[in-house]
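Two complexes are shown next, each including chain A; its partner changes from chain B in the first to chain C in the second.
Right, the complex of A and B next:
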């Protein structure tokens, strides 16, 4: 037994020497990850403003001017130019220079002031940038609804105070300021952790195959299990340290809270890491060189990413994909991370995800261990 | 184990890859303490045979026993007792000399004291004293080969398998490397070495020629020369080697000279023929007619290269 531990220890030391001489790779994963997090965090921590917009005011009345000023005041739009013809709007939309265009018809003022008038506005949106378009639509709709309410009151001959209608009181839980950063940075953190483990694990065997040293390692008294353990320990240690640093960054720089139990989060993260490690080792053993391993990591990583809810909520995916998401460890781990960090959830709320993660960890761990052992023997 | 005991027995060893037979029913025995040379051109099945003996590759048929262990069934049982130096450089380039040796030693379970002793021995043996902390990638080819051998014998194995250990190494380093092999052999370590260098083959105690997966000759270098050489070798020292070879070959093609082979041997020309001494006149006449001047002509002992080329030629015919 001591001999086994001494052997594994020698392998761990050797792997760390490799990591030290290839220091740029862990450094890249850490610094690159940190920069990515900062960028995503900052870019998404502010509300959307300054969308370039053009207005074609065919009415040129006090009413239309009032509307334009109100639009400017929302700060969603950047309205520095007015144009005279549709052609300019058409061209600019096509070139992507503007996200939205508002066309005010010639009879806007007339329709607005007439007792039975039907005022109309035309809003053109650049649907190719759906996020900007959605925000532009939301801002315009809000403004027009307010305007419409004002007109209704005026036509009824009432003051705003005379009408106490339905006043919704909104309260957002878990992310009071509705900061996008609270949503995006944990997702980015998950992405970084996944890629770090996958990449380091994928390089373990593929590097030795490429250099031709794996064969020499296999004729030594190392058992396949000892080789796997010895090669996994550095991967887990480095990735876990990486995760802790990035988690601290997300917490302090973007005020992502950790409302639940940190030890529970770390424990479940370790289980998640073992599952990803298993996938990475399988990639490593089936690749004959580091390039192949790297490309496979990219494919697996980005497919996994789809199920973390980063790009689109899993709940809105087709039923089949929702089913697939259930067997993707990162899907459950992201739910746990968000649950513990943002909602302060504990096991009583998270148990379905925890159970799924543990089962997936066990299954993927066992299957990949067997697969890699057989490949080594 | 008594001296001269058999350490490796291969019987009918065969490996097929799809429809290609890489090793075809190979039989051989290796005795303890001998340098066994496995000789053959590239792609003849040398590496495949070694990999089967190490338990890295499952044979299609046949059996191989190393140190009394059935390698096909229990490949793990011999690992502590053998050393292996693969065709590609088997050490880690980014580790230092010492780090590489320590890793090898630990892999074989050497304790601290034993490891330090063996380390000192191997460093001295490979002439790397004072360079223990040099990165392996910074060593010249010859040193790296000796270090790789050192790493393979650190745990004092009973057999060392060397797969083309001197490929791409300069002649002086090759000589130094073979000196090390002699030393090991003198200590009763069995050495199984593959090579395609004929001069190295002369250094082996026992040889097996493998070609297209089959052993076409085996025995001591002397036996092989005696058995396989169907002629004598005339060494000609010409002034213009090209002229000499062309003149003799065209005479051979016209049927005027009953010689088997005319080959360029460095700046010399070797003519292989049965009873070559009876054709000296004809050879001289041919060369004079072609106006090729000759400084010297002697009948010599055939080298293994002569034998190998002659036997390969017979195979082709």
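Right, the complex of A and C next:
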């Protein structure tokens, strides 16, 4: 037994020596991961501002000026009111130079000051940039509602407080400040961990095969099990260290809380890592070179990503894909990560996911171990 | 530069790809497969989001309110619960993504125009479904309240115009439903066409890793011949995908194509040249394949997602980032795909972007060649 441990230890040391001369990948996984988290945290936490919008004011009245000033105050738009005709608007929309255009009709002021009038405002949106268009629509709708409410109150001779109770009150649980960083960074963290292990594990055998050193490793007295364990330990150690550093970053830089039990989270992370390691080793052993292994990792990684609820909610997918999601480890792990970190959930709430993850870890672990051993022998 | 030399390098590279069927398959089909996966995730229509209702009023009005909220495919009534505690449990376990609480005086307050005691609770940890549920519930609630208010105001002798003094008429060009997939799927083309560039980077660093680059340098083949010769097979891969990708987008995801296909194809070829040149720089700089993979992520894929204006509008970015995004081929190509797929504009609008891509491509090749000379000269 001790001999075995000593031999595995020797292998682990060999792998780390390799890493020292080939430190790019682990370094990148840390720097790249940190960069990606910063980029996405930065991109999603900024309000969308400065969207180019044309305003064709055919009224040029006190009411229309009031509307334009209110639009400016939303800071969503970069307004250009120097337009005279529809042709300019159509041209600029077609060239993608503006995200939206607002047309104020000539009777805008007249309709609004009348006791019973209704003014028509026309909003043109450039749907070719859907995110900008959606933000422009929301900002304009909110503004129009607010202006309209003021006029309604005046017409009915009511005070501003009379209708104040008609907005539903909103409570966001587990994320009171509605911070986007809380949505996105745990998902990004999960993504980084998955790709780190997959890439790292995929390299192990494909690299030795490509360089022709796998044969020489196989003729040594190491058993195939020892080789697999010796190759896996550095992958797990480096990826886990990577995960801890990124978790700390998410916690301190983006104020993502860890409300539940940290030891439980780390333990379940390890189980998840073993399952992904198994998949990575299989990719590694079926690829004849690194190029193939990398491309396979991309495809497997993105398929997994689909089931994490990051890009699209699993509940909305067809029934068949919902079933598939149940056998994807990252689907359960993301639920656990969000549950423990953000909701402060414990085993009594998370047990279905935990159970599924443990079973998947065991099944994928043993199947892949067998597969890789058979392939090595 | 001699054509014979160029073709010799190209032939060698093609032999490399064709030697192994799996490599061939992955190199050719990775862009299409990844587009398919990502486009599917983006086009999943959010629906069937599970919601719980806590009705303290239990009146006819509150029942019809619940019915209106849960009508349609968007939200699904998970259950009617009896206490906040139950809502907490369901949210914790992730069984519901949102809940609606109706206060005991709902019916009476609405009748007396005193406001409405309702509360929407959402799960703030779910990236998509929480926000979606919130938007839908509050929109339907507003409709319901407006209906009931206008019947009452009409009963008091007012007209329905007085409650809606401004009528906002929205027209969205190119993407009437404002569906994200319509512009994101064409946008993703620039990401997945980066995969041939990754392959170029990998094959060049492969030669360095194996020490075969020195041997190649000892032959009469010049350095530019070597770089371009390695690029040609992947230009072919890119061109095949340039045809395959829009077919997938149009057939499988219903993305419109309103422009000229020929124009699209020509400009896409220029983009492929530009992005492959980036791959060449990476291959020349990086000594091993894992290192090349790492740098490809940092230079091609992360910025491709976040800085090219596919997801986040460039207009909303700070000045410095906007300058940086101009140096990325993906930024110009995003305008080209939008123009050819959605707005259907011609060469008169798109030529500056094609020229920019062409210039960027040659600048990248020049940088690679210069560095290559220094490194091995």
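Here is the rule we use: the second predicted complex is superposed on the first by the 366 of 377 C-alpha atoms of A that agree within 3 Å, B and C clash if a C-alpha of one lies under 4 Å from a C-alpha of the other, contacts with A are read in each partner's own complex, and residues count from 1 in each chain.
By our rule, a contact is a pair of C-beta atoms (placed from the backbone, for glycine too) under 8 Å apart; a residue touches a chain by one contact, two chains touch by 3 or more.
A quick note: this is a predicted structure, and the numbers were derived from the prediction, not measured.
In the superposed model, A:147 lies in contact with chain C only, and not with chain B. Residue contacts after overlaying the shared chain place A:239 against neither chain B nor chain C. Contacts of A:185 after superposition on the shared chain: neither chain B nor chain C is touched. For chain A, the partner with contacts to more residues, out of chain B and chain C, is C. Contacts of A:22 after superposition: both chain B and chain C are touched. Shared-chain residue A:14: touches chain B; no touch with chain C. Of the two partner chains, chain B is the only one that A:218 touches; chain C does not reach it. Once the two complexes are laid over each other on the shared chain, residue contacts for A:3 go to chain B alone; chain C is not touched. With both structures placed on the common chain, the touch criterion links A:40 to chain C but leaves chain B unconnected.
In the three-chain superposition model, chain A touches both chain B and chain C at residues 22, 211. Residues 22, 24-25, 27-29, 31-32, 35-36, 39-40, 43, 46, 48-52, 78, 93-96, 99, 111-112, 115-135, 137, 140-141, 144, 147-148, 151-152, 155-156, 162-166, 168-176, 178, 182-184, 186-187, 199, 203, 207, 211, 287-292, 294-296, 298-299, 302-303, 305-306, 309-313, 315-317, 335, 338-339, 342-343, 345, 349-350, 352 of chain A are the ones that touch chain C when the two sit in their complex. Within the complex, the chain B residues that touch chain A are 51, 54-56, 76, 79-80, 82, 84-95, 99, 102-104, 106-109.
The residues of chain A lying in touch with chain B in their complex are 3, 6-7, 9-11, 13-14, 17-18, 21-22, 211-213, 215-223. By the touch rule above, chain C contacts chain A in their complex via residues 20, 22-23, 26-27, 30, 33-34, 37-38, 40-42, 44-50, 88-89, 91-94, 97, 109, 113-130, 132, 134, 137-138, 141, 145, 149, 153, 158-159, 161-176, 178-180, 182-184, 195, 198-199, 202-203, 206, 210, 286, 288-291, 293-295, 297-298, 302, 306, 309, 311-313, 315-316, 335, 338-339, 342-343, 345, 349.
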